[in-house]
Amino acid sequence: MAAPVLALRDVSKSFGATRALSGMTLELWPGEVHAVVGENGAGKSTMIKIMTGVHAPSTGGVEVDGRPVTLSGPREARAKGVSAIYQEPMVFPDLDVAENIFISATDLGLVQRRGLLRERARELIARIGMSLDPDRVASGLTLAEQQAVEIARALSQDVRVLIMDEPTASLSAHEAGELRRIARGLAAEGVAVVYISHRLEEIFEVAHRVTVIRDGSHISTRPIAEVTPERMIAEMVGREVGNYFRKDESHATPEVLLSVRGLGVEDAFEGVSFDIHRGEVLCLAGLIGARRTDVALSLFGIRPATAGRVLWKGQEVRIGSPRAAMALGIAYVSEDRRKLGLALPLSIRSNVTLATLGKVLTRWGLMRERAERAVTQGYRERLNIRMADADTPVGKLSGGNQQKVMLAKWLETNPQLLIFDEPTRGIDVGAKAEVHDLIRQFVRQGGAALVISSDLPEVLALGDRILVMREGRQMGVIPHEAATQEGVMRLATGQDRDAA
Amino acid sequence: MTRVLGPWETFLLAVLVLVYAANAWISPQFLTVGNQINLFQLSIEKIIIALVMAFVIINAEIDLSVGSMMGLSACAFATLVEAGTPAALACALCLGIGPAGGFLNGWFVARLGLPSLVVTLATLIGFRGLARILLEDRSIGGFPDWFAALGQRGLIGPVPLGLLSFLVLFALLYVVLEKGGFGRKTYVIGVSRDVAEFAGLDTARHKILIFMASGLVASYAGLLFAARVGAVRGDVGQGFELDIITMALLGGVSIFGGSGTLTGVGLAILIVLSLRNGMSLMNVTGHIQTGVVGLLLIASVLVPRLGARLARRAPA
Amino acid sequence: QAKTLTPGQEVDMVLLPKFLGILVFDQAHEGAQEAHAELQNPGELLFQGPTPENSVAGQIEIMTTAGTQGVGAVMLSNNAGDQIVPAAQAAQQAGTKVVTWDSPIPNGQGEDIFIAQVDFEETGRVMADMAHEIMGGEGQFAVLSASPDAANQNAWIASLEEVLGADEKYANLELVETVYGNDQSEESYNRALALVDSHPDLKLIMAPTTVGIQAAAKAMQDEGLCEQVKVSGLGLPAEMASYTLNGCAPQFALWDFRDLGYLTYQVAYGLATGQLTGEEGETFVAGRMGEYTIEADPGREGAKRVLMGPFTVYTAENVEGAAN
Amino acid sequence: MTRVSPGALRLLALVLVLLLVGAFFASQIENYLNARLFNRISSSVAIVALIACAQTLVILTRNIDLSLGAVVGFTAYGTGALVTAVPDLHPALLALAALGIGAGFGLVNGLLVAYAGVPSIIVTLATMAIFRSALVEFSDAQSITTDSLPDWLVAFPNLQLFAIGGVQFRAAFVAAVVIVIFVHLALTRLRPARALYAVGSNPEAAEMAGIDVRRTVLAAFVAAGALAGLAGLFFLARFGNITVVAGLGFELKSIAAAVLGGVNIFGGAGTVVGALIGAILVDLIENSLVRWDLVSEFWREAVLGLLILSAVTGDALLMRRLQRLRIRRDKAAAPVPKEATP
């Protein structure tokens, strides 16, 4: 009887007092796409880091082809045919795309042949359905493009096991579809693919089998045909969850909070005009490179606008710095939480109060530690953040919980307009629903939200109106009642241009 | 509550106790009041600057120009006094030199975005050059008695001004760094300037302030030096920057910014000083002392790391 | 009449050079050891110095510690200028004698006595004479010194300038520039070449430092400039012999550092054991070197010195013998 | 479409700065631009270029080596002592010894940085002191003098290989340039050497991508040590007289040269050719300042500091401007991304 290509046997892993995995067992067979689902912090990333030798298991073992192995690190794992694309893209900003892909390839000889590299990079990029210039330096790549580079890197050599940790989190619907096609294709070639995702609909599209883990323990492994979404969610969170993707009625008031006329930033976007009312959720939809982030950055004063006008409560304002934006009551929850959102090595509480330090200082500029802890505790309960205590470094939380800490930081500034850039990227279904509730609650209490999202169901579930962008231009605004996935997509891809 | 002593500080404390015990055992003079005061006095300028250097490095920058700024202030002071300016006024004026130099450093680093290693390497040369222009090949001494007394005699009992300043500054900076909002910002900016900027902190201003503080303290140290040794030449403070940075790093301040404590730096200072003093009393000559401090620097990072590795090997 | 020192008295002594790792200081140490043995001092003779990068602070530190330890005498080749004064005075108050050699404390405070290798006035004259002879009585020359902070070098250059200005004989010698090589081969070498470049008519580089003279001579030789620009100054025969023989550095001068160390030790021992009072006019016998008298230092008001002297001027005739 | 890579752009900017500095001094100093200037600069650059190149290798991996000056000093002394003891030693063996001694020190640094995980600035701050202490101890205050060296060695730095007019190409300079070019080719063309850039660019990603980060860092330090060792031999040959202060301050000089040469102090970007130009720039400025009548001896340091600061600032601003232009051009030329109908 053949052995599974890779298997975990009764693996446990602890980080200090945190038990990230306990008694985990998993078998991967050639030719399958094996989905792994679980809540934030369930231990998915930890599990794959054990498969690739980044972490050594505390107890239990890893088997390759039925034989126990000790993986010293990603190098050895790759040599055994196990490659991974990590949740957070890992590129070399100083190298170009082609070199990024082939930096550790072993079959290209001693001497670098640029022509060959470029050629093969082009092939690989085409294979994953992207268009990306192999000569571009990686520092200018968007998250999605970085992800593409990583996928190409993983495919650049023989893989027997390919692990994808939330590969589609930063991709648009079209690219995500492309990626699923690739995953299926690889499986058809006999590769075992591990596919981690919080987007349940895509699990059903791509996976052959699905494993649910909860609190570091294995709950179930079944063929996809035997699972229903409700059941899967119930297993993940340990209870039944109602229909969370339901649009409730609009709370928009007639009062215009922010209005933007012909806004533009040189070299980024131009001619963006919209109003946001109190109580309204305005969604910004578009494909990657649509420059939605840049719109947000200019409203937040990071890249001040070079054209157009911004009116805040009817008054014309110039937003030249984040401080100016915050003074007005604007907050921006960044899409890049590791680089821009959180001070990872610092404690949770210092991150939560980061933007509002003044509130927890005494007259003499000293920290009021008790107040800070109280604030943190408040958000821990309100946002259901899973953490040991407020002094834990944020970097040790799982991705989703990190996201919540970042949200807490901005809610604490008590903003009137909250700009969310991909607020639910990498967040599990339960947490996603919580974040959506939060956004709704926020607008219901008189705030306004500008939500940038590449997740179409999310856009449809949240947006009172949906503004669609494409390559730095506003393509149109669709009211919620008129919005469909297809309609948004048509605008986003430029096949249609709304007159509104 | 956060613990007062982290694992690193505890380790340093243990080393310190060891060094003190060994010194006291070997040399009868070590624990005398006079020697204990000398132990600080001999490096007083360096240790005072090291306290602020901790801020600079935690903020993910470096200031190589402190020795030169110190020299420049001392030289400017001497020039002014020689020209007939009252010493007190000259002191006040020269205390402005460091902040001005620090502002220059900070502006290039924070506003222009140049790496501080490069900027302060250039000002290390430049400020030293200004000091040379002022004094050329001369040496100026003959400061008023009250001024020399401040540097050389006890101010409160046997404790001279320098040591007193160190203690006060330590207490002050401890509170600022570890209990204050300013310190919190210093850590955050040190971890990631982008994150701080996105959270609305004025990171450029903060960095400039820290460089100015570093300059201010360097100026003060320059004046202390002038008072302590009674004469000033163009080479005052030359090469001090490396010793200062060594102390900060030994104290557990991460060269990449974002971590380190003032307690650690304080302990590291005590370790270096007592070790050097002990070796001097045992007649160990200069280059061996330097070598030993070098070894200590490596060992202090290496030992805990190896210890942790061994602990991990051992069955849980 | 001359006092003779009684051997066998116990006193700890510290010989403190500018920094460690330099040949001439080691030679002085040898001389001191010789005297230490001759005088049968049961105490210790310590050779302690700072590292080159840490010279000033290091000297102050060693001086301070010596006071704390209560050693009998510190023999100091001062590199810290007047900055050593408070530390030296503190040591004196603790009962330690401070004897300087090679390089004194410029303002004379904190120092019991200075053992002058040669008369500083004479140094200027010796250099002027060498320049005069090498250049044939006329032309441009430049000085390549150590660091701007070196007290003895500065004193010598000052005395050279004085001699040049005072004596008709040197009227046609023009000192065009003084540059500093910081006693580093590399800097001195480059400075020497830069001098040649900026003064096309330069005939001589005078380097009153052993590192500088050697580097300058090497530079002239390397660039084939020996015919045009000669080198002179203060140098070690062992390092300079080949340049003297091939004509790049026809003359240079120095004194014997072993003797200097020997004499210094004798004086320091005498003072520390109370056999010498250190008063002006006191005459004593310094072992094999014979009789010396303590006198006022003409260069520094209120300071006292013992003058060792004289210079040895090295030329092609005598350099080889001295080199070995 | 031809594009200029950021690296080439940087070199161009540097050469421009170099020319500007040269032109400036030419206007200030009589009889400045001549063959002699070239000969002067080229001879003294030979040594600095090697350590700047060494420093570059280390900086590329996001590290720094402050011990290079001490390694130069020790190797100069060590090889001097060796050749004094064995006067007939074959030149190749002597060069090998220099490389070996330097590599040995580099190995110590590299092991501590890469395998023991101690930050490089701490390691090399310490080894700088330790290596120099070792030199003081080892040399026992005896200097090496030119007399004790074989003639071929003393003659080597000024051995004229060929000349164009008065412009002489001397052995040490040519050797240094050949080595720099060799290292440059290795860094740009050899796949294993590219790992240096990857590691410096993003160490975590390098680890994940399966690059042996530790071995790469170790290799950088060993190579840097070996180059510094060779610089030590050149130092010995050129200055003849070696004392314990030999090479003091070279660490800062090498950093200045590398940084001026456009090597990113945070790793991952830069070229050794840039470092070479940086070394030339530093040397040119220093050398010219000595000859500039307007500034006295005591003004030189101040002016040098000012010039370094302005050069770095100018370079940074220039680079930023050029980069912006490039992005704009890229955009204009980039094909419109194709998106399929959903």
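Per-chain numbering from 1; labels A, B, C and D assigned in written order.
Convention: contacts are C-beta pairs under 8 Å (C-beta built on N, C-alpha and C of every residue); 3 or more make two chains touch, one makes a residue touch a chain.
Every value quoted in this text rests on a predicted model; they were computed, and no experiment measured them.
What is the set of chains touching both chain C and chain D?
Chains in contact with chain C as well as chain D: B.
Looking at A-B and B-C, which pair shares more C-beta contacts?
By number of C-beta pairs in contact, B-C is the larger.
In terms of CA centroid distance, which chain is the most far removed from chain C?
Farthest chain from chain C, going by C-alpha centroids: A.
In angstrom, rounded to a whole number, how far apart do the mean CA points of chain A and chain B lie?
Centres of chain A and chain B (C-alpha means) sit 44 Å apart.
Rounded to the nearest whole Å, what is the centre-to-centre distance of chain B and chain C, using the mean of the C-alpha atoms as each centre?
A distance of 35 Å separates the two centres.
Which whole number of Å gives the spacing of the CA centres of chain B and chain D?
It comes to 30 Å between the two C-alpha centres.
Once you find the CA centre of chain A and the CA centre of chain C, what distance in Å lies between them?
Here the centre of chain C sits 73 Å away from the centre of chain A.
Any chance you could list the residues of chain C touching two or more other chains?
Chain C, residues with two or more chain partners: 20-21, 51, 53, 148.
Residues touching two or more other chains, restricted to chain B: which are they?
Those would be 132, 136-137, 234, 242, 287, 290.
Quick one: which residues in chain D touch 2 or more of the other chains?
132-133, 136, 298
Output every touching chain pair, sorted by label.
A-B, A-D, B-C, B-D, C-D
Quick one: in the complex, what on chain D touches chain A?
Listed in rising order, the residues of chain D that touch chain A are 3, 6, 188-192, 194-195, 197-198, 200-202, 204-212, 264, 268-269, 324, 327-328, 330-331, 334-342.
Which stretch or stretches of chain B touch chain A in the complex?
For chain B paired with chain A, touching residues are 2, 175-176, 179-182, 184-185, 187-188, 191-192, 194-202, 258-259, 316.
Can you check the complex and tell me which residues of chain D touch chain B?
Listed in rising order, the residues of chain D that touch chain B are 112, 116-119, 121-123, 125-130, 132-134, 136-137, 252, 255-256, 259, 265-266, 298-306, 308-309, 312-313, 316.
Would you pull the chain D residues touching chain C in the complex into a rising list?
Going through chain D, the ones touching chain C are 29, 31, 36-37, 39-40, 43-44, 47, 132-133, 135-136, 139-143, 145-147, 157-158, 235, 238-246, 248-249, 286-287, 290-291, 293, 297-298.
Which bits of chain A are touching chain D when the two form their complex?
So the residues of chain A in touch with chain D come to 52, 54, 73-75, 77-79, 84, 86, 90-95, 99, 103-104, 108-112, 131, 133, 135-137, 140, 153, 173-174, 177, 267, 287, 289, 471, 485-486, 489, 493-495.
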